[in-house]
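Multiple structures are listed underneath, in structure tokens.
Both complexes below contain chain A, partnered by chain B and then by chain C.
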Partner chain A sequence: MAHHHVPSLEDTKTTLDGLGGKVFAVSAAVGVIGLVVSIGLGLAEGDDLRHFGYSYLVNFAFFLAIALGALFFLPIQYVTKASWIIVVRRLVEVMAASLPVLALLAVPVVVLAGRIYGWAAPEAGSDPLLAHKVAFLSPRWFTIRWAIYFGLWTWLSFTFWRRSLAQDATGDLRHTHKLENFSGFALLVYALSVSLAGMDLLMSVDYIWFSTIFGVYFWAGGLVSFFAVLTLVTMGLQKTGRLTHIVSPEHFHDYGKLMFAFTFFWAYIAFSQYMLYWYANIPEETGWYLLRSGQGWGKVGMVVLFAAFLLPFAGLISRYAKRNRKMLAFWAAWIVVAQWINLYWVVMPEYSHDFVFSPMDVTLFFGIGGTWLAAITRLAMGRSLVPMKDPRLDDSLRFENA
Partner chain B sequence: MAADTQISGLYGLLTEFESPSVLVQAAAQVRDAGYRNWDVHTPFPIHGMDEAMGIRGTQLPFVVLAGGLIGLGLATLMQWWMNAVDYPFVISGKPLFGIPANIPVMFELTVLFSAFAAFFGMWGLNGMPKWHHPLFANRRFLRATQDRFFIVIEARDPRFRLHETSAFLASLGGSEVEEVKESAED
Partner chain C sequence: MSPAAHDPLNNTVDDPTRPNALILGDNDFTSLTVKVSDIVLERKTPRAWYVAFTVTAGLTGVLFLMIGYLFIKGVGVWGLNNPVSWGWAIVNFVFWVGIGHAGTLISAILFLLRQKWRTSINRFAEAMTIFAVICAGIFPAIHVGRIWVVYWLFPLPNYQAMWPNFRSPLLWDVFAVGTYATVSLLFWYTGMVPDLATLRDRARGRMQQIIYGILAVGWRGSHRHWHRYEKAYLILAGLATPLVLSVHSVVSFDFATAQIPGWHTTIFPPYFVAGAVFSGFAMVGTLLIPARQWFGLKEFITLHHLENMNKIILATGSMVGFAYATEFFIAWYSGNPNESFAFVNRAFGPYSWAYWIMVSCNVITPQLFWIKKVRTTVPVMWAMYIFVNIGMWFERFVITVTSLHRDFLPSSWGYYDPTVVDILTFVGSFGLFFTLVLLFIRFLPMVAMAEVKTVMPIADAHSGERRAVGDYHGDIPAASPEGGGA
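Let's turn to the complex of A and B:
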């Protein structure tokens, strides 16, 4: 209603306070224990950490994609001058600013590259199909590229983070204008780096296979998980009495729309990739799908089709579902799991042509996820969870869907 | 009373407001009085008006869903008939009816029929197309696209009683209540 009370920041808690220390301690402990246990499980396999490497790759790619989703969402808000998001934008900034920590977590992938990536294995040199690709797919170049990717992402995310925090103190409008100008350029850098990084990280596991759309596939999946995680984080904070009133069903409705839209977008990209290879039927192109549709992995592929696309699509299509808190929470959690299964299906068939699942896959999820959560909690501690002096904050508080 | 409720040729009663805030309060009163066939007319959208008028959610999504499903079904049937039945022709070893090859057309027709359903469904639910509307003949109503705000209660509303409704409208704080005829010839 037009004449109802516009919520203000005084209505709620906008800092982590005591909660921050607790969440940090618990998630850091879970992260460290998870990583240590995983290394133990990996060594126990007696395969020189090969299985560990693949399992690590799945989970690292999963959390990296979420943080990259956040890094995409920030400049998009600035270039469109969107106001609805402001009240939760700090949460997005925190997730994006965690990228330097993910750079540390990327070290095992680079170190274990020889066990994960066929092109980095000592015996790969003789493969004629690799001969034309060695200039790009060499361990040294791979390492340098990851240094560049993380250098760029850290720079982008910290530019948003620093200026937003600086505005908290002064309310200076120039920060908003600078970031609006910066965002178009940031998106260009983002698109190129993330597209290449997706290919490096996941596509090159099978160096024979290639797909020009793969970077988009990686990015779109991560964006879906990011919206789901943002929904769950906001709901979690509200459960503890933070951000209540100011984040309304109107904002959650928009989360739902984005989750729904990008679920479809991800599926659209996934199918675009699949259909061309199905139609052309060229051996080096179809090999990737053949491996993932036969034996144990075909069933996992069907799970991905239903869990990551058809079911959430049907579940989130109605306005009612997007505005119903419980249903939205359910589908957000569902989507997180489904996107994880998707990455598992992308990576693991290269480790074993038969279906495998090990406790390590779960312990690494908690190991990397716990470390990541500890990092974002640490970043958010002692700071306002809302960009208090953003010029569009008032619009965001008043936001209503038409 | 019968004569009072069915005044031949009367479309409804109109009252005019000068500010949107008064209009929103007046609309809430009309809603609370239990009228169903009535509307407000404003030069621009007013936040909170839907709620003040008690407008319920639209049925349009279901029309769109039906349209989409019909498009999906037609696309599937069409391709199956053309490729697998009427003119079977093997192309690069693909099955005559291969789902991946058919999905683009299934997708496009779903979108097309959904869009048609949304567009024409909106027409249908809004009673369009119309050649003319009784309000267009009202001189005061011309300002509905400029700087005036109107509430109109239609004579076909079950609660409509000429004198009571007229008195009720007059109490809302707008201008004098005016009768609007069904057709300009009267």
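Let's turn to the complex of A and C:
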């Protein structure tokens, strides 16, 4: 095959420049206004912020899962010595490095635990099913665990972030070596902490219910949203004339493959959990699904089945869809919404057995999402959007799907 | 780094500026073809092959004797009892199916992930997959008790309108394993067609020419042939990818849909898949290491290939360990006394010996692969593969037997011991497996010649110049003939 002109970093803009300040200001404003309005809406409900707490949990879990998806994707690139992705790796690093900001955003979940989590409610103490694990599901240990999770995640994400930036300056290959060695270990720490955190955050809302795969379910859903957000962010930057030429349809094709593959993987995990509990039909296990299949929530469950699995699966299967910019953007945005609905369906039935939807759910999405976007913009400002001196950058620029 | 840099057969040096060479030595297309096809066509069959074949064929005889005995006497000749009504037959079935997973993972998933190093080992792994599935298929077929109605496993139209129970995971197994065997066989054969044509063209005996000629289905290597071949290969890879997940997931359903503590848990499907890949890679390694040694294939199946396999073993072994830990945690968290009893009983009950063999072999020893020296030292890694093989058999034993032998009614608790027939049947299945492997080595090309050629530096029109990734990047820049060294 004839070699095309190999794009170089000179062909395009690789910094945010003036755009950074604008995006930061707007998203921070959206974030703050969103949060303030949400608190107002929450207080207006007059339920001691109970509804607010659940709504907050949905949106917090959504953005946390995306950042954790980024934190997974980084070490995977290093252990596999992948090169195609290098040209956009900085975007992944930025998303992962936003985890300390998400630690701040986790504070309301911990503070409002008594309104969200059954186990933290004052009247729960008398339940013998809880007494057995009260040492684990207690406000104190819950707080300590979240401190540990975020401590670990911050450490992991900043190790990648710092070394990658340092390599920008010097091009020192030792950073690549160090991170390749670090990544295997990072994945181990990641798997244990994220699985347990998923259970803490979402499974323990119903403290009776349990599922060994739940941590994987949380992680897989987040990974799908992460790939979708990465696609949208890359496209957004290209719209403003950044990263053009160097991120080619070849890279977007791979984004599409990853979205497709992990949509399927997420559905496989969801099916494994659902089918096994449905089949064995043990009350303590099916209760969780029973609640989510009746009174309005059942319809949401069907929406999740179609929106988060069947439709994007069919939509992304063809090569054409993955290489067509508009279609890929459509499905990426679709997946973001679908995964959000999935989390809504996981959390909200615990708040109300009947279907509910309030403006707060949307304002909190913008509140937390705006804050998060402000954080990643701030991190990216004044830095190159491409790891300029990565030894595999050249391969990434030349990348073509075979 | 220093000793490795001087060893021409060591291509495991980590240098991010330059990928390791996939093929070592001074090889070109011709030398590759000669070295691989001569094993089949020209070289005299080593005496050791005949010795090994005699032994394995004898063991295969033992297998069929035991099956015959079983058919005459009934399943009472096995160690099954009440409450342990599922013994070695299901253990062996899951063990062999699991081993079969490495082939599809290498041929399908690693293909889609553009892992070019797979080309040297995929043929061997795929062959092993098919043989393992053959061994696996025997056990559910013979364990049914009334062997004369074994065809009821299949939904055959019949005038009595008798159908199998479609709600039974055992029936799903029939479909899952059947599909898997079919697709694996197609994949293996399709990939082998160009190589069979090479054998046909190089064969000197008339008989060889005719047989390889028939098998090569008229392959002439025209552009149109290659075009269709590549299309078919990609489609088969796409079809086989979900099969890697589905087969062992369905096998896990045999256990997980039941309400038995220790079986019924939602992590089973992905955990079984990880375990299957883990055991499959260990078995591929167990066979590849002697094969590359005895047949002089070290330039094609390099240390780099083995190191990559060891990394996959480390990753999947850790996933298995992660699943064990999660099961234990949730057994406690659930507050279900039966569930926690099942797990405590596994670790500290009458079968604790089996449990700790499993944990030592599957979780603890593979962690040594964190050390590069262990990953790249051939005798050490071979010993590790043996550990993994043992550990993964014991995993299935632990899951099957420990959950059954102490059920909900303490008065019916029991202890399961295999009989001589159990043991000989299992040993005999190894005989069958190795017999097929030996036949494969003798009569078919062990390394996918046509595919390996595409990753050789001279396959690149711009040989000597770096080539884009995403395409085969097994290039050693021509300037450094010492091959990937620093």
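Simple rule for what comes next: the second predicted complex is superposed on the first by the 401 of 402 C-alpha atoms of A that agree within 3 Å, B and C clash if a C-alpha of one lies under 4 Å from a C-alpha of the other, contacts with A are read in each partner's own complex, and residues count from 1 in each chain.
Here is the rule we go by: a residue touches a chain if its C-beta (ideal position, glycine included) is under 8 Å from a C-beta of that chain, and two chains touch if they have at least 3 such contacts.
Computed from a predicted model, the values in this text were never measured in an experiment.
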Three-chain arrangement built on chain A, chain B and chain C clash or fit: clash
Which partner does A:S318 reach: the first (chain B), the second (chain C), both, or neither? first
Between chain B and chain C, whom does A:V79 touch in the aligned arrangement: first, second, both, or neither? second
With the two structures laid over each other on chain A, which partner does A:I269 touch: chain B (first), chain C (second), both, or neither? second
Chain A residues touched - chain C or chain B, whichever exceeds: C
Could you say whether A:Y279 touches chain B, chain C, both of them, or neither, answering first, second, both or neither? both
Does the superposition put A:E400 against chain B (first), chain C (second), both, or neither? both
Between chain B (first) and chain C (second), which does A:H353 come into contact with in this model arrangement: first, second, both, or neither? neither
For A:T176, select first, second, both or neither according to whether it touches chain B, chain C, the two together, or no partner. second
Is A:I213 in contact with chain B, with chain C, with both, or with neither (first, second, both, neither)? second
Could you list which residues of chain A make contact with chain B in one structure and with chain C in the other? 1, 3, 275, 279, 400, 402
List the residues on chain A that touch chain C in their complex, please. 1, 3, 79-81, 83-84, 129, 132-133, 136, 173, 176-177, 180, 184, 187-188, 191-192, 195, 210-216, 250, 257, 264, 268-269, 272-273, 275-277, 279-280, 282, 284, 391-392, 394-396, 398-402
Of all residues in chain B, which touch chain A in the complex? 21, 24, 45-49, 51-52, 57, 61, 65, 92-94, 98, 100-101, 103-104
Footprint of chain A on chain C - complex, ascending: 14, 16-17, 19, 112-114, 242, 245, 249, 253, 256-259, 264-270, 311, 314-315, 318-319, 322-323, 325-327, 330, 332-336, 370, 462, 466, 468-473
Could you list, by residue number, the parts of chain A that touch chain B in their complex? 1-4, 271, 274-275, 278-279, 281, 317-319, 400, 402
